[in-house]
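Let me begin by handing over the structure; questions about it come next.
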Amino acid sequence: MKKTLLFFLLFSFVILSGCSDKIEIEEEGFVLVIGLDKPSVGEKGIDITFQIANPSAGRAGEDNNANEVETITLTAPDPFSARDMTNSSETRNINFYHTKAIVISEELAKSNDFFHIMSSMMRERQIRRDMHVLISKEKASEYLRNNKPSFEASPHKFYDFMSRRWKRNALVPNSTMHDFLRATSADAGLALAIYTTATSEEPKDTEDEDNFLPGEINKRGGSDIQIIGAAVFKEGKMIGTMTGEEVRVALILQKEMRPERLIFTYDDPINPDFRITGKATNVRTDVSIDVHQEYPVIKVKQWFDIKVLAIPSLIDYVENLSNQSKLKDYFERKYYEHASKLIERTQKEFKAEPFNWSNQARKKFWTLTEYEDYDWMKSYPNAEIKIEVDVTLTEFGKKLSPRDISEIKD
Amino acid sequence: MIKPTDRKVGTREFVAIILLSMGIKFTDMTPTLLYKETANAAWMVPILSGLIMFVPLLFLLKLLKFYKDKNLIEIIFSLTGKYVGFLLGMCLFLSSYSSTVTNSRSYVDIISTMFFPNTNIIVLFLLLIGSSYYLANRGLNTIANTAWISLPYIKAFMVIGILMVTNQVNFNYIFPIGGYGALTIIKNSISYSSIFADIMFFSVVFPFFKNYESFRKASLIGYALVIFELVMFLTIYIMYFDFPGIENITYPFQEITRAVRLGRFITNIEAVFLGFWSVASIIRFSIYLYISTAIFAYSLKLKEFEPLLLPFGLLVILLGYLPENFIINSFQIRGPFVLNMTSGFIFSLPILLWSIHKIRGER
Amino acid sequence: MNKINSEETNQYRTTNNWVSIQDIQEHFQSHNNYDLLVRKVYIKSLKADGYIAYLNGTVDVKVVDESIVRPLQQENSLENVDDSDQLDFLAKRIIPVSNVGINSRLENALEKIVSGYTLLFVEDTPFYLEISTPGFESRGVEKSEDEAVLKGPKEAFSESMDINLSLVRKLIKSSELIAEYSKVGEMAVNEVGILYMTNIVNPDLLDKVRNRINEIDTDEVLNLALLEQHIEERPYSLIPTVLYTERPDRAAAFLKEGHVILIMNNSPSCLIVPVTFWGLFHTPEDAYSRWFYGNFIRIIRLIAIFVTILTPSLYIATTNYHIEMLPTDLVLAISATRERVPFPAIFEVVMLLGAFELIRESGVRVPSPIGPTIGIVGALILGQAAVEANLISPILVIVVAVTGLASFAIPNLSFSYMIRLSTYLFLIFASFWGFYGIAACIVMSIGYLTSVTSYDVPFLSPLAPFYPSSKDLIVRPPIWKQWLRPFNVHPQNKQRKKKPEGVQNQ
């Protein structure tokens, strides 16, 4: 009898106090994307934009006019207090369990307290380290309102699928909160974040396929947004941008990334009126660093497999072996030029490297103290860098040498 | 031939207990403490600490071999006499019980911070210690068998977890390999060697094991595996978080499980890890509770200690509830006090006992 | 056949404690009990009158006519028979029935007559002949229904102990197979047959089983299903500690591992003690199927067990505590469907699980002609309509349907109850503490399972505590590698055969 009473007491105690973390799923408002801006009113705090999913919108037989997401902007000290402030008008309990991306306006990213905001967000358990970090040219609140994907009804799908594209084409760094925080706190190089805009600017007149910043692609129809290139962060503060082409080169120069599917065009080496299109795979990149000199000596060697996709000039690069080796040399030279151009820019302009070469440099030190004394970030700008490129032409598509156009005209 | 009393803990079951009770130390704040002190080289600390603690373990095994059916407390009593024996027994009890209290609090803090922020920690404590008590109350055999059954599932899931983050880790982050230098590593290896002190406590319930041979074999196998496991996880942590980053991560294991993804569709499965990890921790605290109570009862020469399990379990909750937050618990109490104090005591006790034994034996 | 002891004869003569046909008639109240048939017969060989008596329905009338009445009336004796040897003479010479006994006690007479014996009284003799002529109605040997297999023998035990014994003997043609009989209950007439292999079984186990049966303190035990509840270890536990099976081949397989089998009249089954988790988990088909196929079914069954236990609690844990686990699309879908449901998720689950149990129970009780309606009512009305009425969300129908479907894949009835009931236990823990609660519940369940014993054999042995065995646990090795008997029942004879070549030490 005593035992049952004790058991009953314990049980009721547990029942009465045990479920304070219990939630009912229909009461939850799932924030899919967070936007951060400089405050629109006053100096302190930030403007926070929540894109909250509206679950019933996509459901058959329901109100089809409702939006998939509800976008709400408010000024608050930080994203967590903004949750409660949202409840002044909205019914749902705001959570970040399924937040896929965080969009930050360039303005805020360039301000001093940006890194504090970011790292303090990680204290909250709901914030995940695999969120994507995007920097928008305009205000994040405007960007999020203008982001209307053509194919995906809901933004979470948009970022899910986009990140898979990014992995392949390397036009943007596939950077997450984790990468961003790690690179910033390691304090050895630059951190890259995805650069984007939803307002199209004056289209850039270029023959290249990747040398754009967001907004510069001449495109009509579909979604308004353009995600290409990177925002460059040094010591937790945005200091510049990189075009899509530069991002590609930077990722190739990294030892670990090895982008697989880079579709590129270059001027035809024999007939410069035309461009030649190919698909490059960065098979391997070797970085060796000597830290015993006064300034580091870095040797980078890159290997590419290239599949030629289109030869509009109709010059025979396929069966004519001398042309083939000419093409190969040409590619190697092109890659060399791109790489040295970017390296020069990082040494002169950014004074730090986005290539994670510090990972190779740190191997050369026995203790952390020695490594910190060497100060990779400081020594990089004066480093001597040697680049080598090795191209293998692996495929020419399913056609042999193109047919001469003059023969057809006859 | 069929006698319930014949049932004793065998080699496999004991290895399972060791692996579950000591092998999940990498899931609490121990790694963070280590990385704070030794930077990138923290993964070497378990190897050195393991070697250091191996010395008293050998002495202890020699003693146990000599005194066949006696448990550690009885050996202490017969070697040092009534009063010193009691004192040593109580010291042993205090060190094991205090580590039970602080560790369980630290586990409850993990659960509370990472999964149940709004729930009163008393409730979480109650479930953790309650289920540990349930297991402990059914005896050492039950704990051992439960450990043996759950071991493959827990470890398989851990391995899956590791495999699934390997594409997100960078091997180069373990460099510079020396951390803050060899001296720091050695110093910390000594002061944190009590990570492996638990292995000594099992000798308190030595008569419950099948025989000396299986006890020795299981201790050594389990010990080696635990060191390997700790080293593996510590390296995974540093390879994922990189050095200055890991300093700020309170619970690296829980944080890394959040990164585990099985392809595109199965993501965010940290709650599943919570499940497996809770199974391991409940088994861990049941053996802690069992052994602490056993030490206490043997020191007082009580015949039955099972009735003491319930009050001792409740006391764990009460004492564990005292520290204000996990920082006080982990950094001020558990780190310097419990870990370092017990290090020295546990290290010297077997050597002391063995020398007394030698002196007396030669006399 | 009993040889008459002459001293005993004299003793009865002097006390004059004869049993006469009148005593029997009196006891059965023959004036209003028409079951007792008493027939006067002239015994030609003795040149005396006699009575035969039997209970209608317990004897085979044909045997009585052919083997008792006809020889008595027709057989001539060639020699004079001494008075005292009359019955002995009849049993030896005249009555062509193998099981004949001579006795004089009334209690014995009553017990025999209800057990299908025909009694023969000869006038002026203190003794009577008991002639075994049982003719109880019984089913024949039929296909096993509860434990059906696709491959392997299909015979099942029947309600007659003799048939059951013969089924077992047919499988194990061995002189080591012993069948002991033991009365059960205070006023017992019913007997329990204790079968074991004398060269394999552990004597301690056997003693324990005998004691347990002798200790039963009740007037009568009618069949094995009731006996099971008298001899099991933990009456209040969810876990069955006795295996109830209707398949003789299973009984034989367990006999050969050193277990003890109990059979009884009126029970189309046998009881196997001790039993472990594996005995409940396995089906005969696992062994009969080829190695790959058998293990495939086992793994499917293991999954079914986990699905039954865990699906509802996992659903509750994820939707109530760990919503980050679900894919975003699924979260939004569940959230949308739950928007109009007026109950908390746990209530929905309990409601639907309850409905499912109702369907299951009514499916068993309903007369078979209207059986199919249950399925239609269950599936259509409960599922479809409840969703349309916004009483439950559609995903929950899937959750509960999967749980129910999986529960049908669990072989043994007791085992199935155990699994289904533990579903609710896990549900309670999951609804309070999510995955943390489920984990705690799992630990405690495993702890409980390992500490339960069935006749001193731990329930999860030989897995934990570990004993050498042929490793026929979750998956089984090929049949030729199973050369060891499991050590957890402590068989006397530990090997089935010599260790095959190429097998590692097990």
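Each chain gets a letter, A, B and C, in the order it is written, and its residues are counted from 1.
One rule holds in what follows: a contact is a pair of C-beta atoms (placed from the backbone, for glycine too) under 8 Å apart; a residue touches a chain by one contact, two chains touch by 3 or more.
Owing to the predicted nature of the structure, the values given are computational and were not obtained by experimental measurement.
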item	value
Which two chains share the largest set of C-beta contact pairs	B-C
From chain A, the most remote chain by mean C-alpha position	C
Chain occupying the middle, per Cα centroid	B
Whole-Å gap between the CA centroids of chain A and chain C	68
Intercentroid distance (Cα basis), chain C paired with chain B, Å	47
Whole-Å gap separating chain A and chain B, where each centre is the average of the chain's CA atoms	42
Residues of chain C engaged with two or more neighbouring chains	321, 324, 433-434
Overlap residues in chain B, where contacts from two or more other chains coincide	115-116, 127, 267-268
Residues of chain A touching at least two other chains	14, 18, 21, 97, 128, 160
Partner chain A, residues of chain C touching it in the complex	319-321, 323-324, 328-329, 331-339, 341, 344-345, 431-434
In the complex, chain A residues that touch chain B	10, 14, 17-18, 20-21, 97, 119, 125, 128-130, 160, 164, 178, 181-182, 185-187, 256, 359-360, 362-363, 365-371
Contact set on chain C toward chain B in their complex	202-205, 208, 317-318, 321-322, 324-325, 327, 433-440, 442-444, 446-448, 450-451, 453, 455-458, 460, 463-466, 489-490
Contacting residues of chain A [partner chain C, same complex]	14-15, 18-19, 21-26, 28, 30, 32, 53, 55-56, 58-59, 62, 95, 97-98, 100, 126, 128, 154, 156-157, 160
In the complex, chain B residues that touch chain A	39-40, 113-120, 122-123, 126-127, 170, 172-173, 175-181, 241-245, 248, 255, 258-259, 261, 264, 267-268
